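A, B, C, D, E and F label the chains in the order they appear, each numbered from 1.
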């Protein structure tokens, strides 16, 4: 069930709890896909330009699709593991509270917290936040690729990493266009309403 | 923009920061709609029955639509408020960090935390968690209705409350059917694999 | 000292840091005994029926006794371990901050947080919360039994699991009786004071 | 019900949501009674002297009785308040999530977190932690007395403040006696097992 | 004492608890000065270029000086307030736990959490994080200026806002120079070591 | 770069991720050096005596220097580790989110939280908090010495432990002198302004 209808196929032949332990950070970690979706979809409401609202809706919706992909990866990596395999991988400290369920935590075991994301109600600040978010997610995928050998896992992870780079470029374009809308020399320096 | 394509229409004529301050708990509070969506969509992966997976997908997706409704309510309640109105309502302690942006916190100001939700990887436990979640959300809507007079706001809140009750009934049915699948006398008492 | 006056005896002959690492979740984890005691004892104040207050007092007090049992298990499992044994079990990341002291964390190392429990001030919601809590604790005990072989440890854990099932039944009875007090068709659907 | 069997009587004639808003910090705040009970009862397990274990058991158990007293104060201060009174006192941001239920938060609205307490598994460090805890609780009671005029409320608060001072003296005695057990010049300077 | 040796003078004649309540977010809030100092000073260790390390040391050290300025503002704004003034401003929910002490919280009352900052060990990601951080701090200062009328307070806040803009420019320069060091078309797209 | 200008030299020849995993608690853990610096530097503002302000400034500033030392230790312990070494030590769950960057967490992986520190705005309570803090940090260093064999690491850790003991003595002197300033029999028992 969980490998169809995904944005990109996930077909992992060999379960591996060690890989699941680190990849879960892209579900519920500081720079994971849940945080990304929450950041973009919530930021939309205070954005002044339709075009930027459209980008945030597109990218935020795609991040929800990435949540599904990461969940599918985690599901396939932990399917049918024995208690012995779980203990050997040190995944028992997760298993005791969640069995083989998928619960959004960082690799450290810390549950997802909205403190990871920023919504400032300011287009310049929020787009800078988004650029940073995409780069931070890209690094997490880089690190997963440094730690994971299985091509079945690396393949969708590479796809997800590429999407972050595309998003980074889209947010960069949005920031440049926003600055053209505004007085370019001024846009972040002073607010005429109180200076 | 934010009042079309919603599951139920939101058309608020009078901004009111005092109402926004409490209703935001159904965005990022302990029993809010973001938590609800996260709970159901994540629980799906360890569910043994297609039927229950289907219910969780349906309800979880609907909760995402409720996130949109709550956000629209918050957007309309805070639109065009002056600094004076914000200060008078005590909303300055939110405004200083988020301006008029929509950031998922409880009414207390505490950011959403995944600690509010449970994913145990066990169908009986997770469905009980879901039943509790719907009742807790229902109470929050009851309390909003105790505190809010404006019919423009009460109307979509009543709609959302009714949906929680429908979800409660669906999860109740799912639990009853699950118990019929299992050995009814035994289902939560012992696990034959280790007793 | 710590094996007398307990609700059920705890006599563990072989210390085992690996077992302590997972069992500590029933002290300070999301569905552990401290959270259970806090949930029931605090919920009492807004309950309308003496009978339900009585059940919450009984069960909440018993959960405090379970806190003592879990602490005794942790104490006996970590008694006299050498630095080498602690390192080998990966318990050094706990030991560095707490030595052999007993500090309420989840197996993940996250300190207990009151965010795990709900007090809604509504009898239907709170009893549903309690039913869910008992099922979630039951699953944690199931998982401990899946991971622990030592009969000295399994025996009190089985006892604790059975108690959770008894509590589940008592809260189920309380919910049914509460619904009989109320208008059964209506009880969770609308509040006559504002509909 | 909630004014009998208390360690000290609580009989408040006039509900006052403003007072409840600050006094709740002694339930679930950083230096409140739940934290105190958790600190002392958990620290017992790594204490080397029976006498100190006895003091921690006594004081920890008394702090549980103080939790009951604070809960009774909160219950009586919020009993029968109208929605208007709740809104006027700014208690609506609590009420929306908990109605008139008693949920352990700080006055700030932040839920109790075990991060507030320390269990180091070392008698000198833990007794210093306990001395600090009693002084911090004493200051919170001082501040409540600075903010509350009603003698019905001030009276049990003064009693609780006095108990913290008695506990401070008991922990001070325990620390002095512990230092006499140990090599006085050395006790906190170096550990002969690794110097 | 607290108005000398500051980077910029702070001389506030009229205490004002309402202003203190919002300005404290620049001490312990999500985008405050403590977080800024922590972010830059910690990021230094994994930076590959001396020049960027130098900028992070300079800016991080300056943020520590800004912590002192914000603390001086808070100290002067809350000096000599009566209990009545504290209650009237709704600052009693802070006062009960901290008296007139300065404790790093957000305006919401949530204590500072390191979750607000990112250290990814990657120069491109960390510099993007820093750019976002400066913009977010700039917005908070914008909002303070929208809410505060007293020129004695506005003056140092304007100074601090200007410094954030200077830092934003310095981090922008650092990012551009970093991209010139690297293969410009490639720098964030793929890592040759695993592609 | 990171071994010069330190308060005490750090020259570690052999990287060791296992040691880094536990020592990081003295960066971002409950009793680590960041918390210590924050505690003392923030407490200064409500202190009534110049002498105590001076001690807090001295010790707080020194703790910032200790943050640098701990960071240097972590930097040297993790320099040049291969992906295999990182995985073998179980440091992959940190690496995935932070690469070799230095991010302030406890050994458990929980990010630093200001909830660990107390600022009560009361000289007696704050000095007791400081005494406890120094003892708790001393225990963490004791435990690091119990777990670490490498003399290159033990040497600066022993230095840091000795400094905590010196600080404990300074805070003890400050408390004694403060009590002489005040009415010794009364100082913590009642506040004449409201008794």
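Keep in mind that, in the parts below, contacts are C-beta pairs under 8 Å (C-beta built on N, C-alpha and C of every residue); 3 or more make two chains touch, one makes a residue touch a chain.
Small disclaimer: the values here were computed from a predicted structure and weren't measured.
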Shared chain contacts [subunit A and subunit E, defined touch]: B, F
Joint neighbours of subunit E and subunit B, given as chain labels: A, D
Farthest chain relative to subunit E (centres taken as mean CA coordinates): C
Taking each chain's C-alpha mean as its centre, the one farthest from subunit F: B
Residue-number overlap at the subunit D/subunit F interface, same or different (half cut): same
A-C or B-C, whichever has more C-beta pairs in contact: B-C
Whole-Å separation of chain centres (CA-atom averages), subunit B against subunit D: 33
Distance from the mean Cα position of subunit E to that of subunit C, given in whole angstrom: 41
Interface hub residues of subunit A, defined as touching at least two other chains: 30-31, 90, 97, 99, 105, 108-111, 113, 115, 120-122, 139-140, 142, 146
Inter-chain touch pairs (all): A-B, A-C, A-E, A-F, B-C, B-D, B-E, C-D, C-F, D-E, D-F, E-F
Contact set on subunit D toward subunit C in their complex: 1-2, 28, 34, 38, 41-43, 45-46, 50, 53, 64, 67, 71, 74-75, 97-105, 111-115, 119-122, 126
Contacting residues of subunit C [partner subunit B, same complex]: 30-31, 113, 115-116, 118, 120-122, 124-125, 128-129, 131-132, 135-136, 138-140, 142, 145-146, 158, 162, 165, 168, 188-189, 191, 193-195
Complex contacts: residues of subunit E adjacent to subunit D: 83, 86-87, 90, 92-97, 99, 105, 108-111
Residue numbers on subunit D that touch subunit E, as the complex places them: 18, 21-22, 25, 29-31, 90, 106-110, 139-140, 143-144, 146-147
